[in-house]
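Next up: the structures, one after another.
You will see two complexes here that share chain A, one where it goes with chain B and one where it goes with chain C.
This part shows the complex of A and B:
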């Protein structure tokens, strides 16, 4: 074979390689992502237009969505419907977990970042709840919060405070806290101002405890990249610790904080396990969302329709689309509002 | 003085973080009478190690079966995730092809899709896999992959996070290595497995650990995708147990400890790699 034709052959091989090689390497991932992550969005949108049990039964157009809006709207006496209630519970949950987790984690990470002994041990202590399965950690919490023989109530009683019902208490915390100070609650105020139920606050505290370690480690990763000379220079200029945290450290780790905000928001909107384990009352979750649906987040409502009401799979699909749009909207909003404040180097 | 405050706050925080675990183990070693005492005792008067044997054997098929199922799902799922992730990451990091940026963005965008949005359609989807579980070629007539290991494993097995992490690590390896090997006539395949993977072991291990722990702790999808207790994972076994024996807190805490401890030990064993991997490849602004 002549040199010319060999070179031509090699060039042809190269060109072929440029097409089939990436195809081969990417095919498994792209096929799996298409089948189980991207296509399901379209399937879900399609299903939401049907009355769907085990399989498609009847095309009903936007009826599922009008049912969603019906169940958002007020029921008798100005109370929200099942969907409206779950939106409110989800909002309480997201607002209660995301900012609180990030703020506490920021403080702890800063403390861990200041050349201390036993760093590894302490860091591990904060990380262990995150690594533990939600079921195991959640059941340990259910036991701590047991109203009759739980250790938390025993501790309260030993210092003369009244025992609480914790996860079984559907009463909103707003009026409860005010009544401790002898202030009454006006019935004329809108219902959502009364705040989340005691049970939901317990779930929120559990979630913060559970996810704190992850946030601490992520923020620590951002903190260690800060040049110590910057802080040293600031200290020379007489900057105090508060200014150091808010004016120097915060802007320098703002890309990390922003990423954490986005990731936590997405995962907070889809929190299911926390509510499921803490409020189902044991077994396969017949009670998830109790008491009185005061911990019924949107994901748990979707689960309820899917698992306990097999005839309303189409409606569950409509609810998933609502969740999808909601998460997308909030994340885009965060991008618009927060990104200007993020300092990239 | 500052250091005293620092240490007190950090240690108090650590105690709060760890107390539920201490209480779980302590309760798991008490007798039925002692666990129901009010006010409770801090430590068991006489540790009842037999609680663990009793809890282990309590479900009809024993906890062993549940542990085995979890192991199958976690090991196979992690292996597939790692393999597909490495291949895709290599293509994005090293191969030149059209639309590579668009495709990479598309892969990253899948991280934004909430899990619950996929649950409803995937529940329908796995029943309609053609030629499986008595289905015909159009995916009709049978149960598809419903109530099978494959049905539990496949959705979510391809991970955009894994692809992203591995791609970052691959890109950090200088091009010269590839150029040198190319001269010797090595293929992409050889370069990837003989050179690149050994050089990026921390990233690979991080993917393995995240994949394994994520799978091991999974709850919602196995609950939706199965109905037979004989193939359900250990998290579901524990939920069922909490319903059946929920008032016997000493046994429930023994079972909970059994489920929690392997993960915690696994983590303690590899935690330096784990946290370093997260630190090095997770986020750097």
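This part shows the complex of A and C:
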């Protein structure tokens, strides 16, 4: 064999190793990713252009999207429409869960990271809600918060406080809380300032409790990577506990916090189980997102159109695309804002 | 009085006594090295002084201020001590300059190193400047030209030196001063990850020195460096600490480091201080054979005491009796440094004929009779370990057992293996009780 053909053969071989082998290794993952992530995205983008019941009925272009935008702002009497309300509820939900969860988890993780007894037990205790089925834990909450027979109301009444409707209460918390201090609410203020409904606040509390363990474990994992000698050096340089947290711990754990922020923002936008279990069915005879749609987050609205109103699958697909763009936008924004605040070694 | 006084300090981890009744006095402005093998408790001693671990009993005073004592355990951050850990432990998220300035007091108005004279430091704009990319870019740019115009615009600039501004400039100036001192002026903007080991250790030193600590604590600061850099850096660091008139406590397991750097050396073993004294004291008059062996090479022979001399394989040598355990923890009470200890030794010398352990340093043995203060003896060279500047020469003596001794001989005068040489001894031998 001539030298030239030998070289050609070798080059062919190298090509095989460089290009085809990695592809082969990646193939299973790529296949799954395609089947369950990429293909569905394109499929729902495609479906959103159709009137779609059981199957594709009629190609209607961007009509579904114009309906989405119509329903953002065209409720009765100038109030937001179904989609607009849902966006507001989603915003309340995300803002109410993500930062609160991360802040509480940061404090708890720091406490767990200092040398304390029963660390393993406590860590498990915080993690248990996360691995418990959301449905089971949610049903437990439904019973705790039951207005008639719930433990919480009996506790309130036993100390002389008024019972609450909790998950059945569509009233916004803003005016409610102010009236407890004898302050009235002006009707001229924009509606969103009144805040989420009592029911939504209950869902938010449940979600925070439910996802706290995950956040604690993630932050704890970040905290243990901090060199204790660095912290010692900082102490010897005169920092107190607060300065230690803000000047040393926080910056050093910032990549972990950022990761957590992104992951929990995405999962918060997508959370469906929490809302569905707490505020629909459960013997109250109401649909998903009740009372009065005050806990109707975007995923629940998509669900409603998909399963409760079977003719509007195409519309549900359009809403899914809206959620997709929304999450993408928020995450990109977070990347942009955090870029300079996050320290990577 | 010592500047730092440690008295009867005990530390235990569970049932293990790591420090057992340790007392130490460090004169103001001196560098004391605590020397000992790993696990002897020297790092524990340092951490106890730093306040990083609880003590079982004992007191620690710095400059007359009680920092550890019965019912007193001042927090580490309030002790005003400088800390140089073994691996530098710089703050990875801060620049070199900010690392150095970490312990310096910050003003509320603006804590940035690069605060330019024209910048309105106290106002919202100043605060926001750090949060925005443009603000940072502006700040990083030199202020030339900008300062003049901004001075008119900013109400703060009308008062040339407000107290805060004064403190501010002093903070930045102090950072520069220290960066210059450790020779890293051009690296203040670097990230710690971009530094070499030696540079990182210098930054660590500068960081510890910046708040002008009452006491510097150095935990094997050179152990992680390569040998060449190590010796260069430690000379430099010692000079720097002396130049600053700092009182320093250095922990090391390297006898060469302790002897070459320190004003006083405390030799530790098993949680106790065996000897405290000047490097020469510890090296030439070690309190027992273990200390002798730990701080340097030894030639050990069996011998018999006879009227101020020892009879051994090297002949009859003038010797000092070292049988009285002398734990000197207070250098002030000692006799003049380097002076003879004969008086006390003489009073308690053993009876003639008592078996003793005779100890010499290899460099006390000389080739040829010249300069020998002792009777000479013949020997045959059996091996030479060449070390460049000198060599460790193994010799077999002429006695029946052909006793082996080693001599450190300067390189130019080296014999060859098999040479028959005359051995002189230039110093009094040390005699210790047997066992």
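The rule is simple: the second predicted complex is superposed on the first by the 315 of 345 C-alpha atoms of A that agree within 3 Å, B and C clash if a C-alpha of one lies under 4 Å from a C-alpha of the other, contacts with A are read in each partner's own complex, and residues count from 1 in each chain.
In the analysis below, a residue touches a chain if its C-beta (ideal position, glycine included) is under 8 Å from a C-beta of that chain, and two chains touch if they have at least 3 such contacts.
For clarity, every value in this text was computed on a predicted model and none was experimentally measured.
Set side by side, chain B and chain C differ in how many residues of chain A they touch, and the one touching more is B. In the superposition on chain A, A:69 makes contact with neither chain B nor chain C. Once the two complexes are laid over each other on the shared chain, residue contacts for A:26 go to chain B alone; chain C is not touched. Applying the stated contact rule after C-alpha superposition, one finds that A:270 touches chain B and leaves chain C untouched.
By the document's definition of touching, of the two partners only chain C reaches A:227; chain B does not.
By the touch criterion defined above, A:335 lies against neither chain B nor chain C after alignment on the C-alpha atoms of chain A. Taken together, the two structures place residues 345 of chain A in contact with chain B in one case and with chain C in the other.
The part of chain B that touches chain A in the complex is made up of residues 6-7, 9-11, 13-14, 16-18, 20-21, 23-24, 27, 35-40, 83-85, 87-88, 90-91, 95-97, 100, 103, 106-107, 110-125, 127, 154-158, 160, 163, 188, 213, 216-217, 219-220, 223-224, 235-236, 238-240, 242-244, 246, 249, 252-253, 256-257, 259-260, 263-264, 267-268, 271-272, 275, 278-280, 282-285. Only residues 227, 229-230, 232-240, 247-248, 251-252, 254, 340, 343, 345 of chain A touch chain C when the two sit together in their complex.
Touching chain A in their complex are the following residues of chain C: 50, 52, 75-83, 85, 87, 89-93, 102-103, 133, 193, 204, 207-208, 211, 217. Considering their complex, residues 18-19, 21-22, 25-26, 28-30, 32-33, 35-41, 43-44, 47, 52, 54-55, 108, 111-112, 114, 116, 120, 122-129, 131-137, 139-144, 146, 148-149, 151, 154, 157-158, 209, 212-213, 217-218, 220-222, 224-225, 253, 255-256, 259-260, 266, 269-270, 272-273, 276-277, 280-285, 298-299, 302-303, 306-307, 313, 316-317, 320-321, 323-324, 327-328, 331, 344-345 of chain A touch chain B.
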